[in-house]
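First subunit A sits with subunit B, and in the next complex the same chain sits with subunit C.
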Partner chain A sequence: MKAAPAAGSPEGSRGHAAKSLPYLLVTPLAVFIIGLALVPAAFTIIESFYRANPLDPPTRFDGLGNFRRLFANNAVLTSMGNTAVYVAVGVVLSTVLGIFFAVVLRRPFRGRGILIAVLILPWALPGVVEGILWTGIYDPSSGLLNGVLSSLHLASHGSVLLGDNRWLTIILIELVQVWQITPLSALLVLAAMQLMPQELFQAAAIDGCGAWQSFWRITLPLARPGIAVAVVQALIATLNVFDQPYVLNGAATTGSSVTEQTYFISFQNLDFGGGYALSLLITLITMVVSLIVVRAVYRRVDY
Partner chain B sequence: MRQQGRIARWAGFAVVLIWSLVPIYWALKTSLETEADARAQNYVPFHPTLSNYTTLLTGSGDLPGQIRRATLNIVIECGCATIVTVVLATLAAYAFARMEFRGRQVLFYAVLATMAFPAYTTLIPLYRIMSDFQLVNTYTGIVLVYVSGFLPLATWVLHNYFANMPVSLEEAALVDGASRLQVLRRIVLPLAMPGVISVALITFLFAWAQFLFPLVLSTDSSTQPLTVVIAALQGRHVVPSTLLNAAGVLAIAVPALLALAFNRYIVNGLLAGSNR
Partner chain C sequence: MARTLSSTRGRQGRAAAAAAVVLAFALAACGGGSSGSSAASGKTSGVTITVTLAAPAPPKDALAAFTKQTGITVKWVDIDWDSLQTKISAAAAANTYFADATDVDWSRVGQLGKLGWFYPIEQFLDTKALAPDMPQIKSFTVGGHVIGLPYDASFMVTTVNKQMFTKAGITTMPATLDEYTSDLKKLQSKGISAHPLDIPFAAAEGLSTYWYETTGALGGTVLDQSGKPRFTSPGSAGYKAAEWMINAIKTGLVPKGNINVTDSQGMQTLMAKGQAASIYSDYSGNVGSLYNVPSSSSVVNQVKYIPTPGATGAAANWSNPDGIGIPKQAKYPKAAAKFIQWFTSENQQVDFAGVNGPSKAWSTYALPSHLSAVKAMAAKGNLVGGDALSAMLATSKPVFEGGAPSWYPQFSNSVYTNLHAAAAGSETVPQAITAIANTANGLAS
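And now, the complex of A and B:
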């Protein structure tokens, strides 16, 4: 986490220009970090305690008023429940699938490079456009899912999948996000698996350890650092989910996420104070939950 | 037993391919159909036609014009954001990795800290800052926000890259009287090219995928990128799904080709960026 000590700096005698060079090099970065990251973050923290609404001026101190209003707002409370489901479904599915894909791609074989390229494809695409692709799959009349389900006699032709049942809607929308975030989970777990010494598995095989057993007893525990990072990235993505529900569900409020509520509150109702308070809440929850996961799952592994 | 293992592996490969490619195939299929064919439930386009694409790319009228403008916008915004991010991150990362200066530790921690909070934390204040400086609906506003978002990760990845490179060559050149900037340009950059390419690709793909920030920062079609315009079309029932999917395929063509062509650089960059 620390910057490595600078090496090779014999420019002491080189005068003023050389001495000011590092400052010159980092100044643009510092301006961006301070001006467009730290200052705005401070804004979010401070103004969440203010009534800030262009339709109701002036901006004034309001204590915990914004937070009180948020917790009295049914749409916000519902979106919190929805987001909890997005997170649970997304983190579990992306992690399990990621581990599965990593196991599939673990050993070298011909064509592995191509398969990895195909694997990362969904990660590289914009979430909103993925929403469009999956709208086609979920379409009640012409969609792929209904087609497959009705030919298996599991659903009647033309039955509505999205926007009808709250939990089904959330699960289907989250599946689209899982499609996007699973590649990174798989890569992280795969990278952890590449570090494992092969002798360990050979020794286990000699001791009569089957493939299934060596997966549970050796692979999974040793992949914990990679799994921890995968879970954290999935947590951050799912806690802040916006693109997929926004596109797949449109104006319908079934299954709206907390970030969608932040957007509606700030940019449709112009209640910036409420928006600040809600973003602060999501940020805090994201950071606390990530920290807990890192503590619980991450174990340093030394070979 | 061996046979079983082979079958299991091939089944695994098939799952990876189906999982990643079927949604893309479905959009491609729909985009190659006529409206009537798309309403029927076909698994392949029976009468494939490029008419949806020719409509979008050469047609007159509101919708094709909007899509073409949005394509131009997303290319400009992502291109500029990538160039600025890579240049600034390279300079700063080199200073962090190789030079001693006051405030170095503090600034480095600030970079790490900004990576720890979710991007949307600063959505509303960034909008208000851009609005105060009259930068809503300008390329500058969007590019500034993108750069501020991607610069910390780019700097972190490049810093690690530089820090892991041997210093002996650079020291020799410095002793021979080369300046720091000459060393950076002639020795460090050529050696660090794979890392720079990784960072550039990832920054470009992140920028291409942006939606909520440009949705807020561009309220008219003059600067709206493809992602924002396509999402707006989806809500309008007058836009046929065939045309919508053709627009979707256009929007994923560039990132998909980049991902397929440069997957090694992307994988390395992603792994370097995720391990903090």
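And now, the complex of A and C:
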């Protein structure tokens, strides 16, 4: 049996240093998260119960007053409905497309690197830039989409795509966000697929498993960790969508999102308490839905 | 090589869920603000001040000359208008320094005045002496205090493409709104322009401004002195203005696609490209700075200002100038005041307007806020449509008697979202008017 190193001995100091090293390494990140995420989040929670409006001083405790006002505000309620559609369309489409692109990119082929670089471009672009770009595509008189639709006799020239019909407006706006977030979903699922052992697929093929069966029974189950993360990132992005509806459709209720309402309530109306309360609601909804998704989709996979 | 495959719900699942929670918190944690105030210094030399406006920096030589003259160095920060308004609110609410001089928009004067976020300019400059030559100073006066000085003279005007009007056989420009509407219909029926009128129906500030201008032209105002609506009766100017605007898009005078066109987009893509023949509520200065610029326009020398057609004749123009003020968190308020004095001086404005050569011109500058400067420019022939503009500037009025109310941004949001909805067909004009009136009544009470 080896004797424990004496306290103060070089060996003992090295032991302490080795033990404290992980904490030391984690400290900057912990300080960052506590200072820039958890403290403001705690502040948001507390302030959401206060009437904090510089136009109506002083700041005072208001219980659930901010929340009551939010649920009596038609613009907020409409934006909640809009956001639910953004989430449903965005999460489903970006995940399905992400899986599709991951499957396509899984095997090496000529030009794969270039294709991945092109695929990632929309993700790298700021939402505002994408909004401006797609404003041109959706333009009723000179837009690409109207041009294609009218040449196919599917729509008359000059048809208004955005702002006229609520559901069409939401879907078209969300398509722009799907275009932005799908690359990350594809890369996350692709990363999970790259870890899958080829022997499994070889063994399955020997046992008579076809391509479709192999995809359903091996690829998809093993990709679940990647898919779960992809779904959560899509969920967070769509629940917090701001740039695309704001640039493409302004403040119109046909497409406004809850984060747009947070902006208007906080910085246009200067009702910071209401803004905090709506931020808190978005956070709680994001947390709950993310937890449900993770529990439903995520599975631990060991190779 | 032995590999095992397992698929279980376990600790890692919970860890992933926890990570999602932290990520959600991190994304939502945008509401916090630091507190603290800067100790203001009375220094007026040897300091660097930050000037933040929604405009690119003026010519370097001009700023260098100011530094040489005063010993004050200027750090210019250009931020888009919406972000700047957010920054002003966030910095003031958190009592944090971000600029020594910044934008004071006419529409926020009531709000900013009530909040006391800006120094009264009369503490530093003789605003009473400036007022006769700077008529739009009224737009920045609230509670007897001037919280910003107009550095340009922006007001709403009517522009027409004279060549298109002439082609349609219209030689006398319309003097009333009825004549104007009739002329636009003539342009349409003769095939000169499929949709001759540009109204920006996107749910944004430009739509509200258009409605105010039309209401004013019909002889009314939107709100009374106490902030109560004056547009609920079908016979009121505001009601008729809303009906005229919505009718214009329903009957095709305005392209249907304008449902998502903002004011500046319409000017650049419809009027400057010769698709629209007129804008009823255009920006003063646009003829010289946009329509007569060959690189951005296909209607060079075709667009003219006309006196705004009103109910019975020429109507007054609403002023919406850009102002500059000193936030209470400024580090060097006296130095900032010196800068504002220089920046808004008549000589400097003439330079910015390009009268003394392109090297001294400020590319985005609209029109001097000094009446004498506008008149001098018009006399020298340096201002496109100068005679018309100087007459309009002299009679331009603030949109709201007694200044914009402190809740103006919320009211404006209601105006543009409801008029947009009426244009899109999801609301009728009476419904939109009722919704806007309810907002005004709720906010004013």
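By definition in this document, the second predicted complex is superposed on the first by the 264 of 303 C-alpha atoms of A that agree within 3 Å, B and C clash if a C-alpha of one lies under 4 Å from a C-alpha of the other, contacts with A are read in each partner's own complex, and residues count from 1 in each chain.
Here is the rule we use: a contact is a pair of C-beta atoms (placed from the backbone, for glycine too) under 8 Å apart; a residue touches a chain by one contact, two chains touch by 3 or more.
Just so it is clear, the structure is predicted and the values come from calculations on it, not from any experiment.
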With the two structures laid over each other on chain A, which partner does A:I206 touch: subunit B (first), subunit C (second), both, or neither?
neither
Is it subunit B or subunit C that touches the larger share of residues in subunit A?
B
In the superposed arrangement, does A:A75 touch subunit B (first), subunit C (second), both or neither?
second
Going by the contact rule set out at the top, does A:T254 touch subunit B (first), subunit C (second), both, or neither?
second
Contacts for A:Y298 in the overlay, against subunit B (first) and subunit C (second): which applies, first, second, both or neither?
second
Contact-wise, after the overlay, does A:L152 reach subunit B, subunit C, both or neither (first, second, both, neither)?
neither
Where does A:P22 make contact in the superposed view: on subunit B (first), on subunit C (second), on both, or on neither?
first
Once the shared chain is lined up, is A:G275 touching subunit B (first), subunit C (second), both, or neither of them?
both
Where does A:I116 make contact in the superposed view: on subunit B (first), on subunit C (second), on both, or on neither?
first
For A:P40, is the partner it touches subunit B (first), subunit C (second), both, or none of the two (neither)?
both
Where on subunit A do the contacts with subunit B and the contacts with subunit C coincide?
33, 36-41, 43-44, 47, 135, 139, 141, 229, 236, 240, 250-251, 263, 266-267, 272, 275-276, 279-280, 282-283, 286-287
Touching residues (chain side subunit B, partner subunit A) in the complex
5, 9, 12-13, 15-17, 19-24, 26-27, 30, 38-41, 43, 88-89, 91-92, 94-101, 104-105, 107-108, 110-114, 116-129, 144-145, 147-148, 151-152, 155, 159, 163, 167, 170-171, 174-175, 179-181, 205, 208-212, 216, 227-228, 230-231, 234-235, 241, 244-245, 247-248, 251-252, 255-256, 258-260, 263-264, 266-267, 270-271, 274-276
Along subunit A, where are the residues that touch subunit B in the complex?
1-4, 6-11, 18, 21-23, 25-26, 28-30, 32-41, 43-44, 47, 97, 100-101, 103-105, 109, 113, 115-137, 139, 141-142, 144, 146-147, 179, 182-184, 187-188, 191, 211, 229, 233, 236, 239-240, 242-243, 246-247, 250-251, 259, 262-263, 266-267, 272, 275-276, 279-280, 282-283, 286-287
Interface residues, subunit A side, partner subunit C - complex
33, 36-41, 43-44, 47, 54-55, 75, 135, 139-141, 158, 160, 162-164, 166, 197, 199-200, 221-222, 224-225, 228-229, 232, 236, 240, 248-254, 263-264, 266-270, 272, 275-276, 279-280, 282-283, 286-287, 290-291, 293-295, 298-303
Residue ranges of subunit C in contact with subunit A within the complex
3-10, 12-13, 16-17, 20-32, 85-86, 89-90, 92-93, 111, 114-115, 202-204, 255-257, 259-260, 262, 275, 406-407, 409-410, 413, 416-417, 420-421, 424-426
